[in-house]
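Two complexes, one shared chain (subunit A), two partners (subunit B, subunit C).
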Partner chain A sequence: MARLGRPLVLLLAGIYFLVPLLASTVFTVNIPGQGVTLSSYTRIFTAPGFTGSLLLSLGLAAATVALVLLITVPAAVAARLSAPRLRPVLEVVCTLPLVVPPVALTAGLGTVLRWGPEKLSTTPLYQTFVAVQNPDFPLVLVLAYAVMALPFVYRALDAGLRSVDVRTLVEAARDCGASWPRALVSAVLPNLRGTLLNASFLTLALVLGEFTVASLLGFRPFAVWMVQASGSDARLSVAVSLLSLLLTWVLLLALTTVGNRRRTPRSSRTFEVPAASQGKTSR
Partner chain B sequence: MTVLDQPVRTGAALSIRGLRRSFGSAVALDGLDLDVAPGELLALLGPSGCGKTTALRVLGGFEKPDEGQVLLDGEDIVPVAAERRDTAMVFQSYSLFPHLTAADNVAFGLRMRKVRTAERRARAAELLELVGLAGHGDRFPHQLSGGQQQRVALARALALRPRLLLLDEPLSALDARVRLTLREEIRRLQLELGITTVFVTHDQEEALSMADRVAVMNGGRLEQCASPTELYERPATDFVAEFIGTMNRIPGRADGDGTVDVLGVRLPVEGPAGSGPVTALVRPEALEIEAADGGTGRIVATAFHGPTTRVRVALADGTDVKADVPTHAAAALTPGTAVTVRPRQRPVVLAAAGGAR
Partner chain C sequence: MTPHSSAAPSGAVRAHDARPAPAGAAHEATPPAGTAGSPMIDGTTGRPAKTAPARRARRLPLPGGLFAALPLFLVIGLAFGLPALAMTDGAFTLADGSYGLDNLSRSVDGAYRTALLGSIELSALTAAGGTLFGLLLAQAVVSSRGRALREAVLTASGVLANFGGVPLAFAFVATLGNAGVLTTSLGLGDHGWSLYSFWGLALTYLYFLVPLMVLTVAPALDGLRVQWREAARDCGASARQYWRHVGLPVLLPSLLGGFVLLFGSAFAAYATAAAMVGSSVPLVTLQIADALSGNVLVGQENVALALSLDMVVVAALVMAVHLPLQRRSTRWLA
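Then we have the complex of A and B:
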């Protein structure tokens, strides 16, 4: 039973994941009356709004990654170093967005955005409210996405920090003459590379696929464009979602590869390098 | 031109004055005063929680004292941030930067001081050679053994030519044999460079074998600071007597003429003697045991220690004493044997009045 169990589970899981993908692929390439053709895919790049929405999504993703890391990394490190009692608080705060549905978040955001121009029209803040809703680059989405990404980023970061002795690294760096910020940048962050990549990737995936908030606030990043395109051209929209899945996989693969390179020496010309997994060598 | 040829700034005099530090209600340092001579290796020894690590962290700048001064060549460094101090610390373990090679670890401080790359490399190589790791510069910490990692950490600490070297139990995570070699090596380097060093340890053997002087701490205070021999032979307090080596506490009677009667033998007293009932402190090697029918003691247990065997004897008055006997003479001393116990003729130290520690 045990010997049969694993292949069986793999098979079932494979069917579960692959059948929809195959069906989608067949749907996009097999057009009744025309036979097998890649026209759905070639049309993507010329479809109106494709490039703009994709670039917008990538830009939003980059900004969100930057913002969320800028907020969480110093906070998590500081909590670990000097206020361990705040860690549970941080954890709860960062997990909270997970239990707030995006619709509720958007409703709240919408209320504030409507309220702002009404009450603040005579103050300089009014301009800010307009600026964050600039449809070319809606900063308000970055803010919302940063909140939504918090649970994932914080989890990844917390796990990563647990595997590194941050205190000793910072102290050793300061002992060598590095100021606080330099100690963080030169001694701690390089050892969190895998963690940071992981967190960035989760954020990227979240932003690329986010629909609810953007749609309800009336912006048109990639996911929203996809849905709108599917109304007029179903094949095109399925082709796009398959492509975006592929893109995500490629990114994931790239990040994993980069993350795995981190423990290999830069040069191994002068001596034999023991396998990385071997850990400590004998004396 | 090696690192050693260059004028090394060594021999800073360290003075610690009235250092106090508490964490909430726990007092880690309760008015610590210490002086370390230029080029001296001082060991801070004590049970865990005695404040020795806090003291070292204050010296390194990682902990601010509530009160007190740390004078390095007469200048108070308490207000100076850790990264600006002329001190260097070797941490307990795992303090190397995992993402950097051994050479880059050693050169880290030089990089922070914006030393040029070529010079950095050259100096890192010299320092690695100094700690016996020539040719290991390309390795990453996880490719080095624990002992090698601590050597790299030592090289990194020496890279900026500190005036004060701080060692925070650098050997405690290593296995016994590596610990012994590295112990000697650290001492050799320290003497060679003439660098003032403070070494924190809970291992008395380590402290006694390496240090010029040992400062025994307890409850955030200094109990005694003296040379290893002095500590062993003339413990100033009961705590030191109990903490360093093994000490028998044997009831005796002071005669008021500077001698004391211990187990029927009249011994000269070291220090103030007084008169009346006292507790004499006697080392196991200062006791003689002889198998004798009708002896007042009975052997409880023996333990083989190589050249000597430690014999535990219960005396008739209920006192339990330990004596070290040459192993060749211990064959006849089996548990249950009746023996006589006598102190050898040498000066004896009395426990402070009250007896208890």
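Then we have the complex of A and C:
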């Protein structure tokens, strides 16, 4: 690259990426007629619907993290240990959700959910359909988010398992008389702590920002609330956006620090970006 | 299956994946060799295998290896397989209940055709722009000596690549929207600027696409060895010749893979567009959402499903190109 090129590229990139953040900050604190005030930020916590939707999103996130780890960890470990032929199958199955964009998945889910009232209203299954759509805690969203998170979680897990000698760990634990579940829980999982954290963070970020599925199915978690609130109070919603970005940043930095501390010196060069990868989380 | 193909890196975590040192690769090759080899030895000779890894493999089978994967398959079947089937079924079901191709042909006609083409155009354009700027930025960062700059840009990329959806839309509305800070202070509105347009959306999409490309291509740029450049120079090659014959060919799989990844991301994006432009820009995701939320006549639902199927076809093509390229791009960089 030419000698002039690099500073120019960096300058342009700096402008492009920093200006929206700065301008948004100005937008929230500088209110025409009132001067500089922080009221956009102090209003957040008393805004109607804020607490409810945030709690719903956090609950959904916790449930999704639990579900997705619970289903992928045993499968990935088993593929590694005793069923090598399972591995290509898992790889394909866990890539499939990438082929169906969230909007398309929602279209399919909506169709399935309509079967409840249309075709199954006389069967006991109908109650299940009602239950998974409970607006206080829509389980159908947990299922959808688990599917959407699966590709990222599985890949993170697969990469993590590759760097750990699972076989030796399990063998050692078994030789010491540990049962299978115990060998997994106390020998394998602690060695995968970084990977599990990474996967959980990916899922958390996905669920907290998810708008498409929730809004189209008519639920009201955090991102949907933000859009609804923006209609009446634009500054408030921009303030919330900035805070959510800040939170992502802090979480990611924390995770990188944890990850780096746990790694060998070599990895200080190979910077690991936990959340980044495919990046198509929540838009 | 050779041990190596089973060990082929497949990670989405590219920044981590593409640079495992040889030590990691060597370590990796051993266990699959044991597991893949031992059943064959046992099966063909009928004798107990002699090598240590083979013995281990026989002793270890987890009770019900497939059983452990059952919950995963159950959830996938329920929350993914079933909707996918319902979507396909609905896309081919006509108003009178019979099967046919009417929905699909309507989904590529009229307003829907405009939306599909609009989505493809926007995605192709932003993916091309993202690839170019991402490559330039990554090269500027990778070739700089300051480690702090490098770490800062890569961390920021990790965050910004995920800064999609609703918050991104609001940040741009606050900056360049009708009442945005830049719009009002620079009087952009008088010059015909509107964020709620094709170009406004493109500018917004680049905000997450460029960082995504930086993350995709930075490991590949790291993998360009100094020795190659030195060798080329010693043989009398100019910088231009080096890039033309060594640099770009090695980078090409990463660049192409990154391009289709960006295309796929932009193509599937819905939240940003929905929160920002409403439906003033024709995009296929917005059309599907409109049809789903009952903003149109009854019976259009199946057209929405047909449109979804169109999207799946495009996304499948994207993945069919991206995944092999991603594997290939690790060949020179391992």
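Miscellaneous remarks
Following the convention adopted for this analysis, the second predicted complex is superposed on the first by the 238 of 283 C-alpha atoms of A that agree within 3 Å, B and C clash if a C-alpha of one lies under 4 Å from a C-alpha of the other, contacts with A are read in each partner's own complex, and residues count from 1 in each chain.
Operating definition for what follows: a residue touches a chain if its C-beta (ideal position, glycine included) is under 8 Å from a C-beta of that chain, and two chains touch if they have at least 3 such contacts.
Note that this is a predicted model, so its numbers are computed, not measured.
Touch criterion met: A:182 reaches subunit B, while subunit C stays clear of it. When the two structures are aligned on the shared chain, A:110 is found in touch with subunit C, with no touch to subunit B. In the superposition on chain A, the chain among subunit B and subunit C reaching more residues of subunit A is C. In the superposed model, A:27 makes contact with subunit C only, not with subunit B. Applying the stated contact rule after C-alpha superposition, one finds that A:43 touches neither subunit B nor subunit C.
Judged by the touch definition given at the top, the superposed model places A:237 against subunit C, while subunit B stays out of reach.
By the touch criterion stated above, A:245 is placed in contact with subunit C alone, subunit B being left untouched. In the superposition on chain A, A:81 contacts subunit C only, with no contact to subunit B.
By the document's definition of touching, of the two partners only subunit B reaches A:191; subunit C does not.
Common to the subunit B-facing and subunit C-facing surfaces of subunit A are residues 165, 171, 174, 266, 270-271, 273-274, 276, 279-283. Note for the complex: subunit B touches subunit A at residues 60-62, 81-84, 87-89, 91, 94-101, 108-109, 111-113, 135, 138-140, 142-148, 156-157, 159-160, 178. Listed in rising order, the residues of subunit A touching subunit C in the complex are 1, 5-6, 9-10, 13, 16-17, 19-21, 23-24, 26-28, 30, 67, 70-72, 74-75, 77-79, 81-84, 86-88, 90-91, 93, 95-112, 115, 143-144, 146-147, 150-152, 155-156, 158-159, 162-163, 165, 167, 170-171, 174, 180, 198, 205, 209-212, 215-216, 223, 226-227, 230, 234, 237-238, 240-242, 244-245, 248-249, 252-253, 256, 266, 270-283. Residue ranges on subunit C touching subunit A, taken from their complex, read 6-7, 9-17, 19-21, 24, 27-28, 31-32, 35-36, 56, 59-63, 65-66, 68-69, 71-76, 78-80, 82-87, 90, 133, 136-137, 139-141, 143-144, 149-151, 154-168, 170-176, 179-182, 206-208, 210-212, 215, 219, 261, 264-265, 267-272, 274-275, 285, 288-289, 292-293, 301, 304-305, 308-309, 311-312, 315-316, 319, 323.
Residues 164-165, 168-169, 171-179, 182-183, 186-187, 190-191, 193, 262-263, 265-268, 270-271, 273-274, 276, 279-283 of subunit A are the ones that touch subunit B when the two sit in their complex.
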